[in-house]
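Letters are used for the chains, namely A, B, C, D, E and F, taken in the order the chains are written, and counting of residues starts over at 1 for each.
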Amino acid sequence: MSEIYKDFAPLDSSKTPRFAEVATFMRTRSIPIDQAGVVDVGIVGVPFDLGTNFRPGSRFGPAGIREASRIIRSVNGHTYVAPFEIARIADLGDTPVHTVLFDESIQIITEYFRAVRENSIRPLSLGGDHTISLPILRGLVQSDPVGMIQFDAHTDTHDSARGSKINHGTPFRRAVEEGLLDPKRVVQIGLRSTISAQNEYDWARSVGMTLITMDDYESMGRTAVIEEARRIVGNGRTYLSFDIDGLDAVYCPGTGVPEPGGFSMRDALVMLRGLRGINFIGGDICEVSPYLDAAGITSMHAANLSFELLCLLAEASRDYAA
Amino acid sequence: MSEIYKDFAPLDSSKTPRFAEVATFMRTRSIPIDQAGVVDVGIVGVPFDLGTNFRPGSRFGPAGIREASRIIRSVNGHTYVAPFEIARIADLGDTPVHTVLFDESIQIITEYFRAVRENSIRPLSLGGDHTISLPILRGLVQSDPVGMIQFDAHTDTHDSARGSKINHGTPFRRAVEEGLLDPKRVVQIGLRSTISAQNEYDWARSVGMTLITMDDYESMGRTAVIEEARRIVGNGRTYLSFDIDGLDAVYCPGTGVPEPGGFSMRDALVMLRGLRGINFIGGDICEVSPYLDAAGITSMHAANLSFELLCLLAEASRDYAA
Amino acid sequence: MSEIYKDFAPLDSSKTPRFAEVATFMRTRSIPIDQAGVVDVGIVGVPFDLGTNFRPGSRFGPAGIREASRIIRSVNGHTYVAPFEIARIADLGDTPVHTVLFDESIQIITEYFRAVRENSIRPLSLGGDHTISLPILRGLVQSDPVGMIQFDAHTDTHDSARGSKINHGTPFRRAVEEGLLDPKRVVQIGLRSTISAQNEYDWARSVGMTLITMDDYESMGRTAVIEEARRIVGNGRTYLSFDIDGLDAVYCPGTGVPEPGGFSMRDALVMLRGLRGINFIGGDICEVSPYLDAAGITSMHAANLSFELLCLLAEASRDYAA
Amino acid sequence: MSEIYKDFAPLDSSKTPRFAEVATFMRTRSIPIDQAGVVDVGIVGVPFDLGTNFRPGSRFGPAGIREASRIIRSVNGHTYVAPFEIARIADLGDTPVHTVLFDESIQIITEYFRAVRENSIRPLSLGGDHTISLPILRGLVQSDPVGMIQFDAHTDTHDSARGSKINHGTPFRRAVEEGLLDPKRVVQIGLRSTISAQNEYDWARSVGMTLITMDDYESMGRTAVIEEARRIVGNGRTYLSFDIDGLDAVYCPGTGVPEPGGFSMRDALVMLRGLRGINFIGGDICEVSPYLDAAGITSMHAANLSFELLCLLAEASRDYAA
Amino acid sequence: MSEIYKDFAPLDSSKTPRFAEVATFMRTRSIPIDQAGVVDVGIVGVPFDLGTNFRPGSRFGPAGIREASRIIRSVNGHTYVAPFEIARIADLGDTPVHTVLFDESIQIITEYFRAVRENSIRPLSLGGDHTISLPILRGLVQSDPVGMIQFDAHTDTHDSARGSKINHGTPFRRAVEEGLLDPKRVVQIGLRSTISAQNEYDWARSVGMTLITMDDYESMGRTAVIEEARRIVGNGRTYLSFDIDGLDAVYCPGTGVPEPGGFSMRDALVMLRGLRGINFIGGDICEVSPYLDAAGITSMHAANLSFELLCLLAEASRDYAA
Amino acid sequence: MSEIYKDFAPLDSSKTPRFAEVATFMRTRSIPIDQAGVVDVGIVGVPFDLGTNFRPGSRFGPAGIREASRIIRSVNGHTYVAPFEIARIADLGDTPVHTVLFDESIQIITEYFRAVRENSIRPLSLGGDHTISLPILRGLVQSDPVGMIQFDAHTDTHDSARGSKINHGTPFRRAVEEGLLDPKRVVQIGLRSTISAQNEYDWARSVGMTLITMDDYESMGRTAVIEEARRIVGNGRTYLSFDIDGLDAVYCPGTGVPEPGGFSMRDALVMLRGLRGINFIGGDICEVSPYLDAAGITSMHAANLSFELLCLLAEASRDYAA
């Protein structure tokens, strides 16, 4: 391992068993944001779930995913990417949040991600409900809108919920309106579920987002979906948002609204591995609620998906200027 | 929404959050059978599990499925069918049952479904164990036998279990013998599992039922299976029975006998959506046992399947005379 | 049963098994608030948990307690009080709440309880986190402050949490400040747990509340505690608030912050039965979080406690003017 | 160990770890009833739950208790009774039952216990729901009625449930009517719970049974309760029936109707140890439903209680003629 | 059924319900090894998990699988093989193990399987962690190395773990080194997961093992994988080792290290059925940890897979000399 | 707070919500042993469970207790001790252990605690199974034997288990033999459970240990038990070992062998608070197995007990020379 990376390696499981020591993400080094100038990719928990419309609890998502990440080994078994050998990776801990005050939480999360941007760190954020993508993007995107690949059962582009403009059903509508996302460079994969109105998907399509429902996914085939996603985001700066409910419900009982009929973990892993080379500026895994889970499988899946994002972000940090 | 349907809409989640209020099915209007003359499609719980040979508990199936249905939205996200806009749909509550007396229960369930028929209601029944399909058919079928599409791991056409002629392994043998089902118009999809004898499937085939095992399913492909099912039942009056154990076991740990190697929820949803236009006179979802479940996924899947049946029954009520 | 009460009896389990039909509280009659003028005691769900500082989920408390109340029989086995024979009791459903907007929720809950008061109904509220006691009291108390008997591990009289003046740690400080509670007529029973500061209990004592810690409880003995509580609230109008975490943690794993070393369900039942004759204007059971529970015991205990409150409120409605 | 007992010892855990080998009760020798002539005390499973009015599943009670009994060591740590050194003890397996046919099950269970009696075996029966005590007593009691010590939250002396004369709410009414029990020599300990009518306990008292409610239990004190129970049954032939729901609900979440406010396992253990010297002809542990349990504690408690009964029965077999 | 097999049939579920009696594997006859001379195929539990590097508990695997096997019926529903009609099958109980002493356990397990070999029994072993395959092979393989088909997420061919040469990550490296396995006749199917080093698979390939990763599996297709496995092991003596974590994680939450992205139970069942005719000398199902499971699905899947192995071993015992 | 302690305070929950950030014990400062010279009291995880005779998994005890400690506040609500204001407290992380090699683990744990002693730190150890008390004492006790107060259902003074001299049933026999413990100054509180032989307690008594069974506990009363324990250990150096199974089983389903009939958490808390002023040199909480737990209550109880030990150790560090 290169000298500059050796201080950032996870604990060596041949010396410290995987069940031992406090679980930062993959038991990698813990560095707070104010000392993280040298970090290339930072894991950040965002324990916020006040935007949840149904079953809450994703405020415990970061803790659950970190605990489940004990068993993640340091090399990708299919792409052979070894993220800790190509980037300085640290667990930055959690963003500040307020337990009760919604607007204040959104504000301090936003400020945190401004600091992340100012430190040129590519964040891998562990949610939290999907609301968090909005303050993350507000913090990360300074000028030009970015593209996004979103894995999700729902578009999360509602306008509002009974007067609430910011909640876990609306982040990407707001992000487009605020110029954070370029809708032409946004693709949503895995859409399905019962819907509230026959025009549910109209707004997203009207602004130019590409929506790939599970019917589309099946008819196109996984390989074509990957190619389409790559084509849409192209070479520009791109964000990746993975709502765990994009997975078929059996893979994520521990989420607020599990939806049947989605793609499998095999599908998810292959799709993520198919996105190498994109200029990802950050990513998130959202909506993991450990107290709703069965035998920890949702957190375990989220930890594995997080590792795939880590590989993508590590490669992006190596290949692109921050 | 048309005037005649507006009294039958579920609670509006933008006004009443989905976690609020008592859960009738999809939080739709509750109307007892004796006031249900105007109803087109009625949800009916049948909390009966005395016919169970292994793990009991499906008497709690109706309660479990209704609770899980809180999150089901009112429009089908793939077919765009909006059942509450084309039919008057109500939750009729549960049939009477006796907690201990088997024969009396069968009798009073039968009588209940006679009233359902006399009110020209297409029932969506929530079991209960699979025994219930027999009294349902006894109540619903007055003269000519009907066809049936059955999703199931088991044929449920045993002759008897140690002297018991009516139990959850025998309903469809009885139904054929009693002239309730036309075996030539019966198709069973998803058969598999270890079996008790090498001639397990012989009787069903001998009377003309079509059996599609999982090996058949895989070799035919899902599209051909849908076509075959449509061909077999044709345009006649048809019943739909969905034993939750038709699903692969990971989708239904909360059933008496989960069986590995079955079709997925994606498969189930696509098959059900492929059955539009058939003259369904009623349907049931059976064998959901909430106390055996993991994180509520079986009830959640059953609620989603129930919604698909609701769409089929609503369309049938619009398209066919009762 | 007296004629005037017969329309308000729960379903008869000898006719409709306890596992059948939708579960209103004890499967009693459902009447919305705008038709509830004749009701003496009303069960009200308050599915609000946005004031929670640690583990959320009590928004599902009303649903959980109602489901668990299926098995509650209609007569108190120790006092022989039969509430449905002395009061018109109905399940009024849930208060409106907003899923995300905190202040709006507090406002509409308050308004709901104004209507409860205007209908001269004594409410038995099912929480929801303990924040709800504040809007309940705001709605119920029009002029003179009331007394209160509170069962709780925590005083819930904090001043604020990082700028938040209303949350589940502060309701009774606000209620005293707003003149809703007469602190001299407030007794808190069951206090214990680790605390945030050595002066944790000072404010409550400084305004005249009586605090009975578990050490006090043990040294006084249960009978003396009951007498002390009766003495403190006297004959005046009194509210009863039962935070489920007042119970020892083994009785309530399904709450946000279970605390060891509390009183048992036996203690709670005997204490509640010892409070007969007090002029209770309403009561609540808070902080039940079904998704955190083990085998449903917390909801089951809450349902039993709710029945004891129902007996107290039914007697109060008979014995005191509304 | 005496020569005559050495063939009946449980597996030696110093040689075969407690997690190894199939779990008969305490991993003791398995002998079917038709070869059990030499056995003094026989463990018998009665996997019957068709008499259940609410939550079924106690048909899995015998399997659950046996599995939990792996860890029970062979000597009583408080009385130092070593049952396997004073009696020939074997696990006789399960009685026959029918999965669906109620009356036939009652019949064949009765016949089984006739054989038990004819073999002069004192049975320790593992239920099954409380219905089973009736066919057990029918089989065991040939001529004179016997006494009974019953631990239970409910009297189980209802007359009938909607036409059903035999179910888990009625066994002891039937047993008195049939001359199997002498009600003057029956004591019920632990009664509580909400009740269906104010006269719930009248019949039992009218025929001379002694009912000790939890209020009585507390006011008398445990020692006096033991003395009272001993006084009531005296020196005559006595049966012991332990409904697991006699325990406070936290000790038995895995039962059909857990009831709060009961006695603890410490209480139960001390009471059972206080009954040494009584001429017990058999006993049962009922209403354990493993699928309703949390972390196996109900089965574990039932296994420990079963061991205490085993000690009592072993001593009785030594001290009294069969 | 042939006369010679009739003493070895499982309990008849039409006479003894599946929930009744102690659960040997499929409730078949229990015969200890020292009386098992006549047995063709023997089920053997190996409750050993001291070789586990992460989450322990597979010492309870044999008990869990046996309990789950109650529902397995005696005929294969797809191949129609009826193992109990072509082989004398018995449950031999568990091997001895030591609870704490590692080396002694390995030694006594090895000796046990020597006795299995000397009795010409083909063992179906229920683990236990994957370490057990080493002492099994040491006992079974006397002279020439055998082939092996292994289903697994991991190769289990590590050299050592911090000085430990025998643990659940190393059995097949040791087996090759000791001449128990012919690596040219070894195929591993299902490999995936994050890995510890980029050369993770090198040793296995260097000695001639065939490794089929999930990427390979998908690109080859299931049918080709079956053919390749058959080709590799050919007609020689072959062992089958099925690590339950070969399955996709949703099928086996109850294992030490569930890995996402694996094959389904449908895949597993079809692959096993595709291996008929091979000269299997024994097989194992490893790494089932019931206390980590959700709703028993892992044990249930393991029981079904065990039945498929039983069919293969029964046919092998019929078709090949021992 | 005094200047010297301010660097060692837990995270302030008014700024960082309790669900946020990685959970060291009480979210206090993490300092590895080689930088811990200034620490007075150190929390140490000992993730070792290879000495377990029945259900393993306590290797995850440290992780489980730390996660549960998020909610522990910094002041004792009954004694008002504020440990972080009187001692420098840090979470030292976990001791090294080997995942498979027993003897090596014992050796490296011993060495770790030698370093603890050499740094004059009073350790609060989180197990791990009860074996760990032996290497802890070997490390901590250099010359004169120490006294011990042990809370436990079992004496853990067996001689050996089938040749194994060190396992979780033997640590205190070894400790006495090795001169680490002065048996005259050892008291064991809470003994009960079935036992393996009638002489189970003889050895411990023969060497002078004081054994307080639950029968003794009840007859003496809790206050007298506290006084007796204080009398026995006197003013000398004393160790405190709390096996979580000392608690009644309902408080600790998540342990290897829960035993009914023990003391309550209330009892435990009061007893621990009654031990102030003793010269405790260290203490441990053992046998917490999170994967066996129900709703996390065992870990939660262990976290609360750990806080009480922390108070005792902090006071001892203030009052006694190290």
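Odds and ends about this structure:
What we mean here is this: contacts are C-beta pairs under 8 Å (C-beta built on N, C-alpha and C of every residue); 3 or more make two chains touch, one makes a residue touch a chain.
Predicted model, so just to flag it, every value in this text is computed and none were measured.
Looking at subunit C and subunit D, the chains in contact with each of them are B, F.
Between subunit A and subunit F, the least number of touching-chain steps is 1.
Where the sister copies subunit B and subunit D meet, the same residue numbers recur on both sides for over half of the interface positions. For subunit E, the chain whose average C-alpha position is most distant is C. Computed centre separation for the pair subunit C/subunit F is 38 angstrom, with centres defined by C-alpha atoms. With centres taken as mean Cα positions, subunit E sits 56 Å from subunit C. Residue positions of subunit A with contacts to 2 or more other chains are 15, 17, 19, 53-55, 59-60, 98-99, 161-162, 250, 292, 294-295. Taken as a contact graph, the chains fit none of the simple arrangements: neither line, ring, star nor complete graph.
Listed by chain label, the pairs that touch are A-B, A-C, A-E, A-F, B-C, B-D, B-E, C-D, C-F, D-E, D-F, E-F. Every residue of subunit D that touches subunit F in the complex is listed here, in rising order: 13-15, 17-19, 70-78, 80, 82, 250-251, 264-266, 269, 294-297, 300-301, 304, 307. Contact residues on subunit E toward subunit D in their complex (touch as defined above): 15-17, 19-24, 30, 45, 47, 59-60, 62-63, 66-67, 91, 93-94, 96-99.
Taken together, the subunit A residues at the contact with subunit B in this complex read 53-55, 161-162, 191-198, 200, 213-215, 218, 248-250, 253-254, 257-258, 260-262, 292-295. Chain contact summary for the complex, subunit A toward subunit C: residues 49-57, 59-60, 98-102, 104, 161-164, 167, 291-292.
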